[in-house]
Amino acid sequence: MTDTRPVSRFGAVELQDMPDDLRERVGAVAEKSGFVPNVFKALARRPRELRAFLDYHDALMDSDDGLSKAERELVVVATSGANNCTYCVVAHGAILRLRTKDPEIADRVATNPYGVELSPRERAIVDLALIVATESASLTEAELDDARAAGLTDDEIWDVGSITALFAMSNRLAHLTALRPNEEFFLMGRTPRS
Amino acid sequence: MTDTRPVSRFGAVELQDMPDDLRERVGAVAEKSGFVPNVFKALARRPRELRAFLDYHDALMDSDDGLSKAERELVVVATSGANNCTYCVVAHGAILRLRTKDPEIADRVATNPYGVELSPRERAIVDLALIVATESASLTEAELDDARAAGLTDDEIWDVGSITALFAMSNRLAHLTALRPNEEFFLMGRTPRS
Amino acid sequence: MTDTRPVSRFGAVELQDMPDDLRERVGAVAEKSGFVPNVFKALARRPRELRAFLDYHDALMDSDDGLSKAERELVVVATSGANNCTYCVVAHGAILRLRTKDPEIADRVATNPYGVELSPRERAIVDLALIVATESASLTEAELDDARAAGLTDDEIWDVGSITALFAMSNRLAHLTALRPNEEFFLMGRTPRS
Amino acid sequence: MTDTRPVSRFGAVELQDMPDDLRERVGAVAEKSGFVPNVFKALARRPRELRAFLDYHDALMDSDDGLSKAERELVVVATSGANNCTYCVVAHGAILRLRTKDPEIADRVATNPYGVELSPRERAIVDLALIVATESASLTEAELDDARAAGLTDDEIWDVGSITALFAMSNRLAHLTALRPNEEFFLMGRTPRS
Amino acid sequence: MTDTRPVSRFGAVELQDMPDDLRERVGAVAEKSGFVPNVFKALARRPRELRAFLDYHDALMDSDDGLSKAERELVVVATSGANNCTYCVVAHGAILRLRTKDPEIADRVATNPYGVELSPRERAIVDLALIVATESASLTEAELDDARAAGLTDDEIWDVGSITALFAMSNRLAHLTALRPNEEFFLMGRTPRS
Amino acid sequence: MTDTRPVSRFGAVELQDMPDDLRERVGAVAEKSGFVPNVFKALARRPRELRAFLDYHDALMDSDDGLSKAERELVVVATSGANNCTYCVVAHGAILRLRTKDPEIADRVATNPYGVELSPRERAIVDLALIVATESASLTEAELDDARAAGLTDDEIWDVGSITALFAMSNRLAHLTALRPNEEFFLMGRTPRS
């Protein structure tokens, strides 16, 4: 059962081969995490697309205004679980564990986003995210009112919906490229840091 | 049956109220088409997100390298039809009619992307797009080989998959905001231009 | 992307080749609309079946008793959209536009019958129709009570359900025969009549 | 667990209260079978619709030209099973048992039309019927060729598709009216006739 | 349409060839019903598995403590119908008829478990069973409260859920082995015993 | 996001409170693994059912005859992932990691059993398991022949099908009881043993 998959079905661009701006930008991430997340190596095949991807990602994920960063990752892990996206579940599951300091949350949310027990606010976030992820055409004002009743503002609803939408894209790109998660992600946040 | 829906459930930003760079960029589109497409007014609520959206869109849709522009719109209309996204079907259906000079193609593709009769190359493009749109988790190498057998290069496969992924996001944003198509789109490209 | 499909996968019968009663009956429709709708040419392969089809259709669609004619077409367009039936969406979409004088309603209803904004009465009609179209086995008395609460009488409920049932048949016949919509339908009712 | 359901949720018309032509026509059926099938009592609420229903039914079911009568009932039982229609399964299951003199066939086909073991010709008939019943939008020429390869002529394919379409309507009418099967049907054809 | 299927796709073990304990245990059932139910002949290929199967079955089905025996069979027939399992529908449909003395109940429940009219308690039992059978991942405390509101105790809820779970296994074993129902089951309980 | 869920929604039986035979049997497992797996505490509410569960489990999982023990766990993790069962994914994912010494395999298989890259034999095993788990009614002889072509014997096919069936039950019991995975499982087999 050895995994000999390449980073991406369509090849990978190493950090040193990226255009200057991307090398700097991705390099900053790599320095912080200790490795270059494979999604950047795969998408760097198309620098313009990678730049837009990074911009969209940062605009939605690097913020504590409204939804907390942990809640943003919760949306990613729940919808990536519903979409069966291994790269996003493994990579963002790691970040969710780090943000929450809960070593079990990612596996529980990703395996069964439909039934996992959460706080009422978290449940409302995940419920809305799952609707947008899997049946957005029939999203009703009444379902938005449920989210509002759980305390979400319209800006937070926008965040939940937009993060879900961004990872609807991201999950499909990962499936298209058969994207392999970096091995470092699998263990991150699972053990108490001493 | 009068339609009194606002542009977006979360409000709209008029062109003159957008930040300078967006006013210029969206203004250029408006000048060309004669009106400001509602998607820009809705997403301008979040300028950073709109910028990234425009960048991603332009990187994938404004190109004739590999897939033709008409084929790119074919992917958008087929998958937006499968996702029941009225804004994208109406707006990109208009563009598809203009690009193909075929007044029937958009209605046929959007209503039944699964069965619409197309050329073998177009059929391969739509088949792959539908898999990525609706069941990307089980995308197999054999399905990619079917696309290759129909003549698609790996770069064209990337285009089909990435455009589908971008509109997986776009369709969900339109549903989230209950985005209203501009009335101009409904009639564009339906009559022979004299 | 030229459409070279025949009228029907199983051949077409021209008006002059139909049995006398059908030639007269279909001819009357043709005189009024200016062309012979392709569904008649396709079904005329089996005159007995076409007669029954016409009878059933007229009994349910040519009436203003209870549901208005526009509401009857609304049921057809919504359920044909849910069933991805291009012929019925294009042909009855045209009639719906004529009946409502709303050039956008058909595209909006057919593309996303699940989420399209409608008046409460129209919403109740479409909700019931979609249940009968896609999950009639679990239709509950409570769902009928919802329709009644929106003001529908039992006769109107019967109409909604029966029209949906008739087009469950009709949509499948159109798919079976790969029925091609007449080009005239695509543009009907889209422009204000001067 | 006593069944106290009425014939139909919307009332029933007894034979003597039907218009003359229907009383005669339905009466002839009743004389032959020994009772008035409930579907006629329920649909007689709308005489014009019942007439068209009878005409369509007779045009497709009372024929041995191409598909045998047993094969026609096989289509009805398989698709009504897939649609979870109790009236049609019980009533046409009885007829299928009578036509085939096989007391087990109806229960086997209705309970699991997807997997029931059949002769290759029967399997081809049921496979095509299930596609038309449940996913007709994506019916392909290749699937019709599978039916042709199993020996079905285009007229027989039309029969399979049209009978399936007719019962797509019929099943929905039965669900709409909560139609109760006559108790006589349950036992018909289950025991060898001495 | 003759049925020449073997008992099981993987062969059958006759009573006399079973290990002593199973021959005695299955023999006792056979003596009571007059024949050896085919499920035992099929599973006897693996004596350890058959023993565990019998133990689990008896623990859940041979009890009147809480759910009545008829209600237990109702769960089996409803979920086996939803799972399209011919063996279980035919065999347990027979037992349900015997337990209820209602010759119609099994066909009605198995054909349309979603819509069959039942008493409120029976409806609550079947509703819960269908959730566990088809979408258990999203079972909510609120759905259990619905069952409690209909009068079910937690022990009865356990029974409904566990019987459903046992037949989720059983239905799949029957499909795996293409298990043939004994002909005796088809007629049992259909006629009033004189 | 603290997890304060109890072991089971219906209470838990501690080891010392179990009947003698179960205390001994479950105690032996606990001694080996260092803790009492929660599934036993939850099912011990019904000792007869737990005994049968243990017997069935041991008959199918404690064997290297045909399928290897790792392959048996692969079936459990793949189908429990498809069924969104957190307990079984977490617990058997741990065992799969131990059996394969591959720290990534469980997350990859459980998150996306449909697309995970595997050896041809493993792919055939998982493909068959997924059919039995999610659409067993339409299992065809041709699909079994695919498994045979990949080298599986009929006994191995039986194992794959029966293990899938057993966990169809097990997953539903875990969902019914809202079964909480022991925290020990989450980390087992993730780090190289020194």
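Worth a mention:
In order of appearance the chains are A, B, C, D, E and F, and numbering begins at 1 in each one.
Heads up, the rule we're going with is that a residue touches a chain if its C-beta (ideal position, glycine included) is under 8 Å from a C-beta of that chain, and two chains touch if they have at least 3 such contacts.
Which chain is which protein? Per UniProt: A, B, C, D, E, F = Alkyl hydroperoxide reductase AhpD.
Since we're looking at a predicted model, the values are computed, not measured.
Shared contact partners of chain E and chain F, listed by label, are A, D. Using CA-based centroids throughout, the chain positioned farthest away from chain F is C. For the pair chain A and chain F, the fraction of shared interface numbers is greater than half, so the two copies use mostly the same residues to meet. With centres defined as mean CA coordinates, chain E is found 50 Å away from chain B.
The distance from the centre of chain B to the centre of chain F, with each centre set as the mean of the Cα atoms, comes to 43 Å.
In this assembly, the C-alpha centroid of chain B lies 28 Å from the C-alpha centroid of chain C.
Residue positions 84-85, 112, 114-115, 137, 139, 175 of chain C are each in touch with at least two other chains. Of all possible chain pairs, those that touch are A-B, A-C, A-E, A-F, B-C, B-D, B-F, C-D, C-E, D-E, D-F, E-F. Listed in rising order, the residues of chain F touching chain B in the complex are 112, 114-115.
By the touch criterion stated above, chain F contacts chain D in their complex at residues 137-140. By the touch criterion stated above, chain C contacts chain B in their complex at residues 1-3, 5, 70, 74, 81, 84-86, 89-90, 100, 102-105, 107-108, 110-119, 122, 175, 178, 181, 183, 186-187, 190-191.
Against chain B, in their complex, chain A makes its touches with residues 9-10, 45-46, 48-49, 51-53, 55-56, 59-60, 83-85, 132-133, 136-137, 139, 141, 144, 154, 157-158, 161-162, 164-166, 168-173, 175-176.
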